[in-house]
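Below you will find the structure I want to go over with you.
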Amino acid sequence: MHFFSDNATPVCPEVMAAIAAADRADHGYDGDAWSARLDDAFSTLFETEVQALWVASGTAANSIALACLCPPYGGVIAHEEAHIVVDECGAPGFFTHGATLMPLPGVGAKLTPDSVRDRLKTIRPDVHQVPARAISITNATEYGLVYAPEEVAALGDVAKAHDLGLHMDGARFANAVAHLGCAPADLTWRAGVNALSFGCVKNGGMIGEALLFFGAQAQDRAAEARRWRKRSGHLFSKGRYLATQLLAMIEDGLWLRNASAANAAAQALAKGAGKRLMHPVEANELFVHLTAEEAANLRAQDFDFHNWGEGAARLVTNWSQDVAAVAPLAAALARL
Amino acid sequence: MHFFSDNATPVCPEVMAAIAAADRADHGYDGDAWSARLDDAFSTLFETEVQALWVASGTAANSIALACLCPPYGGVIAHEEAHIVVDECGAPGFFTHGATLMPLPGVGAKLTPDSVRDRLKTIRPDVHQVPARAISITNATEYGLVYAPEEVAALGDVAKAHDLGLHMDGARFANAVAHLGCAPADLTWRAGVNALSFGCVKNGGMIGEALLFFGAQAQDRAAEARRWRKRSGHLFSKGRYLATQLLAMIEDGLWLRNASAANAAAQALAKGAGKRLMHPVEANELFVHLTAEEAANLRAQDFDFHNWGEGAARLVTNWSQDVAAVAPLAAALARL
Amino acid sequence: MHFFSDNATPVCPEVMAAIAAADRADHGYDGDAWSARLDDAFSTLFETEVQALWVASGTAANSIALACLCPPYGGVIAHEEAHIVVDECGAPGFFTHGATLMPLPGVGAKLTPDSVRDRLKTIRPDVHQVPARAISITNATEYGLVYAPEEVAALGDVAKAHDLGLHMDGARFANAVAHLGCAPADLTWRAGVNALSFGCVKNGGMIGEALLFFGAQAQDRAAEARRWRKRSGHLFSKGRYLATQLLAMIEDGLWLRNASAANAAAQALAKGAGKRLMHPVEANELFVHLTAEEAANLRAQDFDFHNWGEGAARLVTNWSQDVAAVAPLAAALARL
Amino acid sequence: MHFFSDNATPVCPEVMAAIAAADRADHGYDGDAWSARLDDAFSTLFETEVQALWVASGTAANSIALACLCPPYGGVIAHEEAHIVVDECGAPGFFTHGATLMPLPGVGAKLTPDSVRDRLKTIRPDVHQVPARAISITNATEYGLVYAPEEVAALGDVAKAHDLGLHMDGARFANAVAHLGCAPADLTWRAGVNALSFGCVKNGGMIGEALLFFGAQAQDRAAEARRWRKRSGHLFSKGRYLATQLLAMIEDGLWLRNASAANAAAQALAKGAGKRLMHPVEANELFVHLTAEEAANLRAQDFDFHNWGEGAARLVTNWSQDVAAVAPLAAALARL
């Protein structure tokens, strides 16, 4: 059984069914009936007026969001292990036309209001230095931790006080919400988030993530984002096949059911892993201490996963695994 | 019946089946078994070593190709009605970091060697002027005409003589090959083409086009293109769902069967349109003189299509329409 | 005697004296006493509040202006022979991050309201097409013609009606004002101009042009321009040596005296050239029909100049030439 | 007496004389007699074939150099307090079209081979991560320390081993060479440096720095740099006024005489500062511990300088100060 990544998962049946249901002629690009429903569907989910765009990938969602929040001469504060910093080949630099990422350290890949404030203090307000213009956080984080609404709100307050945009990379937003049991609104716009990359693919989708804008400037930013989407080759010819996936995810709660399953599987593994855990397990990722020998042992039992540097490994669960399915690995971990 | 665009078409059953067949766990991005077969499959089709990448859209394929052929301070010669010039919101400028499009007029949206040579003559070889570095042609063209191999080769000769890259936008490459009955190789690398945007979506695919590189520099350019693909957010998390579509298209000739069907439907309409035709019909697009009254007349019979300025219309056929299916419109046109 | 270009001219004595006068310690960049006077000095000259920045060259002034008026996905309407279109190696594309130049033909290198309106009509207001966002005109034009205040105002009206910024490349703005005898204000902000590249070097300066912003958004645009200036390496370490030149030019009318001298010399030559003139002579440039033999004849008399394609030549006069100085060439032209 | 910055200094008399000597008509841009001598003059100075371009500022020289060494998807390793990282408003990101700066800590603002190697080890060689493509060091450093030839060579070896370009920001290169007494060649190309920003303005020039390329790819890189220079608005209309300054500096040793004077003044101050020194003094900058009270005391004696955070100050000497001139401040420091 594989625990490489939630990208490795197949598409969940409900999404496949939605694709089949959309398989008929309609207008191209985003002129179709499914794309037309996106704003409303996400507005319902988030209990406020939302502008929603489909794009190909999380990298595209993140980068277009940042291009709308930060000018080329500005900076984006983010965790030093954030996906946008280490795993997107500089995509934010491409979409923002050269804006500067400002990486910060932080436990569990989280930013804190203090760390952000301290960084802001180092910036002189003259034209020689790059002014911070946005904060980007990942929820759940790259280490599988979840920012609670009040943690996001505290960063939102810093953002507001310094006139910074606040972006959330929500590749695993569903896992965060499933963990917290809160309203999506509480974790986003009510806490000061201006733009959200709403993950779909890791959570059972095939192709396509959603980029959402909230708040007073949502319309202007979304209008600009639609330009960036076209200009970056992300305005798919048959957008309905993306829109239908997003609708299937959110219109009847599938996104939370899938994420809850993945989270539950992760909890089951966490019990097995016990003291090996390097971080609390709050979403669907586990980081465990594991010697090369132990890793080989597990692989010999047909469990596979990525090493995480030396002496450690990353295990990712997904929507398709129920607790029973991961029980053998949980047991194997406990046995080590 | 709609004749708006081949983008409006549903996905053809073989492609849907291929997607279903790929619906199982595999590595993310382009680390999967289907993506791994792309280079070989296209190399077989083109009878030479080809580097093949999937991307989201024709705009992305075109722009990444140009970014590999033209530096930011260079120029790309293209027809003034080329898709890259008028319908991509400046995407080539985005991907090339500001390269200059150099639009030329030309009958049927075609470039000729003379028109290119004349344009080149106007450029002084000093640093004050933008040097041409690439030519981009569309085959079939935006007016549904097809460059024959010898026409492409003549442009390829100009390109070679002036050290320019040659790109072909092949959103409807299948229709061009189906019309000509030639080897894909004859229309591309044997004629001097360095990079081809190989269309899939208009021809029955769901999502994803292929970007192909040929010739001595293919490997270097593809390595760079893989960077641009990631950097522009086009490295899909579950790339296998794109790869499988492309393989389904080319591994057993589906791409040509679909294009032949669309071409045949266009020929049937062309007969009905008769003297109304504004251009010869060689692929799956017809441009016809049509008064507002005549257009209304057709629409009243439930045929729909886009106006093409005043007094004209564009009709696009697709893989799902056989000659019988379009016979009513052919007859209606003849009746007008 | 050379008539190659006004760039070939030495620096006029008043500017040299101003440089010497500024040759003492002061703060770096634009923190010095001279730079601090620029806004006021230009505000006086233009009878309104002006934001003024020095930059290295006309290319920089033009490009930074356009970067402040046009987003990367926008377009700039300009004459097809404008300096920004043909002689800046794509600098506007660099500074605007890929905006599209939209060249138009026009007699004497002038745009007309109709030509602009006609171009605007061809642009669909969807995300597939590049929206025009600015107009750039050159005054005096590349063919030595001068837009009168009412001509500029007519273009300013089109700009306002379509929410476009209006930029004037004034490399030879002094020559235009000297020709017209109008207030600088009449030719710029009163006619709807938002940004002016105010030429200094061709008119007797050594290094440095001014970029001026007018109107309601002047402050915001200038703040952004200051970022671009730094970011593009144009915030000189010892900016006082540029500021002092600009002040010397405008604070006691030197700019108009110099331009008037150059214009008068051009008029003297125009009389000599008679029917050879290809364009009316309104500033300090003449374009004359001249066979290769005639050109050789003049060169044998030690007059030199650039050919202008076949059978034509360009003659440029400058601040250092009085009517007497050019009399021999005027006579030689008349003798041909 | 001011110790703010060497940018605050007036122009040295020899440079002023050179400007006056160049004040006659010649061809525009870099077509003049002075610009034509640059390659040769720098080749003589560096004992190898050098390509030399004037640009407006150190920021421009640094950024154009990096644009020639690093693609948009690449990274530039530099010290976290390097001028390119903290004081250029993201100019490297602008010129490289979004390349990533990779800042490293290090004593005295120096990189070490180990720190670079360690950073390189963290980068996976896949398309998800930004590959390092260049190293940039500053000599003398931002803290007034000097890399010796063998230190540069050790970094040059790392660069070669990993196929990275090596750039040196030499805003105070003269001070470094004056300190070391070595051949300029030893500190640059013989140690693996590919591109040097050769400072002139801080060392007594008015406007203009030189960008130099060394080695096998020098010609290709310089050809590209000439495009960037034009495209970024740095191809001055009257380039001879820059070229003449650079020639005056290097053709008879003025650059070393000026730097030696500044260095000697710094040494005199260093003696006065004694244990207050935060870094060894090797060039013309001193960083000293200084309480607010002590700073006020000095300012009351009419010495001025920049604070360097709390409890510290930066003192910069320059070409115009001989040891006698700074003796009063040295004494005042000793008295504190």
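Read from first to last, the chains carry the letters A, B, C and D; within each, the first residue is number 1.
Here, a contact is a pair of C-beta atoms (placed from the backbone, for glycine too) under 8 Å apart; a residue touches a chain by one contact, two chains touch by 3 or more.
Composition by chain, UniProt nomenclature: A, B, C, D = Low specificity L-threonine aldolase.
This one's a predicted model, so the numbers in the text were calculated from it and none came from an experiment.
Of the two chain pairs examined here, C-D and B-D, it is C-D that is joined by more C-beta pairs in contact. Farthest chain from chain B, judged by C-alpha centroids: D. Distance between chain B and chain D, defined via averaged C-alpha coordinates, is recorded as 50 Å. If each chain is reduced to the centroid of its CA atoms, chain B and chain C end up 42 Å from each other.
A separation of 34 Å divides the Cα centre of chain C from that of chain D. Taken residue by residue, chain A touches two or more other chains at 29, 72-73, 88-90, 94, 97, 127-128, 227, 230-231, 235, whereas all remaining positions touch fewer. Only residues 72-73, 75, 86-90, 93-94, 96-101, 127-130 of chain A touch chain D when the two sit together in their complex.
On the chain B side of its complex with chain A, the touching residues are 2, 4-5, 7-11, 16, 19-20, 23-29, 55-61, 63-64, 88-91, 94-95, 201-202, 206-207, 227, 230-238, 241-242. Residues 29, 71-73, 97, 127-128, 224, 226-231, 235 of chain D are the ones touching chain B in the complex.
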